[in-house]
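Letters A, B and C mark the chains in the order given here, with residues in each chain numbered from 1 onward.
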Amino acid sequence: MRPKKTSSSKTPAADTSQEGWRAGKDLLTIKSLEIRDIELIMGSAATFHEVSGRAIKTVPALRGRTIANLFIEPSTRTRISFELAAKRLSADVVNLSGASSSIVKGESLVDTARALESMGVDLVVIRHSAAGAAHSLARAINAAVVNAGDGAHEHPTQALLDLFTIRAHGKKLDGLRVVMIGDISRSRVARSNIHLLTKFNANVCVVGPPTMIPPHIEQLGVSVSHHLEPALKDAQVVMILRVQHEREQRSLYPSIQEYARWYGVTKERLALAASDVLVLHPGPMNRGVEISTEVADGLSSVILDQVANGIAIRMAVLYLLTVKQ
Amino acid sequence: MRPKKTSSSKTPAADTSQEGWRAGKDLLTIKSLEIRDIELIMGSAATFHEVSGRAIKTVPALRGRTIANLFIEPSTRTRISFELAAKRLSADVVNLSGASSSIVKGESLVDTARALESMGVDLVVIRHSAAGAAHSLARAINAAVVNAGDGAHEHPTQALLDLFTIRAHGKKLDGLRVVMIGDISRSRVARSNIHLLTKFNANVCVVGPPTMIPPHIEQLGVSVSHHLEPALKDAQVVMILRVQHEREQRSLYPSIQEYARWYGVTKERLALAASDVLVLHPGPMNRGVEISTEVADGLSSVILDQVANGIAIRMAVLYLLTVKQ
Amino acid sequence: MRPKKTSSSKTPAADTSQEGWRAGKDLLTIKSLEIRDIELIMGSAATFHEVSGRAIKTVPALRGRTIANLFIEPSTRTRISFELAAKRLSADVVNLSGASSSIVKGESLVDTARALESMGVDLVVIRHSAAGAAHSLARAINAAVVNAGDGAHEHPTQALLDLFTIRAHGKKLDGLRVVMIGDISRSRVARSNIHLLTKFNANVCVVGPPTMIPPHIEQLGVSVSHHLEPALKDAQVVMILRVQHEREQRSLYPSIQEYARWYGVTKERLALAASDVLVLHPGPMNRGVEISTEVADGLSSVILDQVANGIAIRMAVLYLLTVKQ
């Protein structure tokens, strides 16, 4: 129902009629997103989160629309989250993986995307090992594109679900003391979260060995520490990044055991933080490496809430980008 | 509709009000299942089997519910059967395979299952090469778990569909002469079927070379033979197990040809059985090894009935465990 | 409703009563298809193409029916096209791939198909590297079978979508000058298109090095040229085949660069054709090899139309074969 027109232009209801997604046809980065669009996603996700609590979780919002999951870099967890989000909206979903995908052999990613668009795909979710892959796709097609992680660049829906989770636990972002621990240089989760948290004036400290902290990161509005324990003092949110086991990263620290000894978050270390601290991890966890089992399963952990909220955030993003406002 | 209360406690309708699934939230083993719950599955499967005969096979029973197929050990046939059962019930289904699954790399199976549960998955179907994997999962989550085969332990829906098939062909279980042929030691199909058939007082004889019969198996209430032909005499049901081609099994018999010569079921050997004998095989068959083509395609074969009944049994199990009674 | 019988046999409505699919339960080849059935597919595809233009693209035509995509030879593009066609018709779809398919290990393709049929699958789409695989399947089961490419034999839906595309751009087939360029010997796309175009009296010239043109191909009613440029003169349709990178084909020409120099379609060469020439390619393209980027993205290219029309053609085929007329 449209709000009635009133004589006063200051009526808040009058602004409602101007709401709607204004950030363009795609969701590629947090960096380029304005706060009003972020809040639109948060509001929409809150509605869908309520639906997720019901026994019957499906809504007909995207019936007859088609979403393609193009996971050139494999990620079962993120793929399943997007697939379930799409199915709960009653969209048709097709999955294309890099491993099994002859569509990408001998043809460019752009030709693949144009073919999907010609098949009537309304929105392409892309995960790719190369930074910028989602942007190339978005420029090539008129269909909407959601970046589900491009190299070490961005992973916007992860940051959005982290924000949703922090707020759902009653935290205000302004001045919030957030500690982010791990390989900041190579983490798209870190990059997207730094952009998002600083937009809301959170007080972010990134922690890791010097080999894992990019030079000049302070220019993004964060502080840096190479020592975990002093950084954890009075922290209100602790974001733990996943240690990658891939070969190229091994040279960044002597061994996994060594990393765990210096940067693993244990119950003892977490006691330095605020008593109502929240512990976040994007998953999958390496228990006993970057996070101890006591912390992962402890009262401060909101890690499973993140997973649940991921569905709501992705429903919101798929909905806002597919049903043009 | 609840039956009206009557003065006589002997009214059969009065018992109806006490029906409903009582075996807990999961289906992990046949061993732990009581006859009343088995009969509940059989009754529900009969209803769904009728639906499967229609041109339009879908019912809205699980609309808005979510089922995850977690096949860490691959099995296309069983995965497709569960997937179709779920889709015929209008559930949303997601498939996770071991090969493509980054969700299981570097994280425990339990963390994977908890993530699925947090995404709103109502029921997890798991196939795993390790005995007990389904139990670990079931203990870790509140969502329902169906064991679709765990190592050499159990494969309950296979035994249930075998029972359904035997009964659908007019056989009474009490005193039924069943011969089971193959690698009894390593077969979860054999183990689940032995538990199920002996609960109903069938007369089960297991047949195979000594290397394939576990010691003390008589304690499960079955007899043992190492010679096929005498065992087949007057048999009413012949259950043939699939010969596994995996390397570790080769040492159990000199060669596949040797196995076929001693334990392959041929038309000539089957003539020793009762004239109305039923031949079952869980599939996929190795024609010319454990079963001849004449037997596989012969009048006694109910092998394709088993496949069809598998859908009905799995619809019943998914329905009973998802819609809490 | 059947039309009333009238005294005049010339009444067009009288013919309507004889409409309906008459080509049997399967779609295996173009060669065996009669023009009336081809026109039935074209008419049905035109209807579904109109549906594909809507925001909500799903119709309930095959609700409760089941379609299996059995891709023993991988092809993401064709699989996705069939999968989307089935989903737009509201059918349930299951995907089986050769790579992940334990269903095909140690059992014959026919046993796999019979199992699918027993599970209530109404139609099997099969892609296989062996010519004749679709026929074997079709003989073994009562369910419908659609050949999605069998070795170097046929790929009927590709030819049908090419015909649909040519007509949609206003061309009449009778006398149409079509040039087909590439490895005619090993291309199922070429074979199906030659059968289809010659049925409608198009004037087809196949072009390629002698190693790629099968002997006696003239018997199919086409002319042959080993030189691209004279063949292109006044061409109205240019069908470019994909160069296969598989090893066994390398010996057919010295190198990909050499192939591109002699048979690659460039803007300059295309200028020899009619001014309203249409350029078709079944995809995925090797840009810079058999087709230049300028031609691929040029005004004459209808390559993305082919992809879009593929959905409509497959919807028509799935519909006509599943809902028996």
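Here is the rule we use: a contact is a pair of C-beta atoms (placed from the backbone, for glycine too) under 8 Å apart; a residue touches a chain by one contact, two chains touch by 3 or more.
Fair warning: this is a prediction, and the values are worked out from it, not measured in the lab.
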{"item": "Rigid-body rotation angle, chain C and chain B, from Cα fit (steps of 5°)", "value": "120"}
{"item": "Same or different contact residues where chain B meets its copy chain A, judged by the half mark", "value": "different"}
{"item": "Inter-centroid spacing, chain B versus chain A (mean Cα positions, whole Å)", "value": "41"}
{"item": "Chain A: positions in contact with at least two other chains", "value": "100"}
{"item": "Contact footprint of chain C on chain B as seen in their complex", "value": "52, 54-58, 74-77, 80-81, 83-84, 87-88, 97, 99-100, 245, 283-287, 304-305, 307-308, 310-311"}
{"item": "Chain C to chain B touching residues, read off their complex", "value": "63-66, 68, 92, 94, 96, 100-108, 111-112, 114-121"}
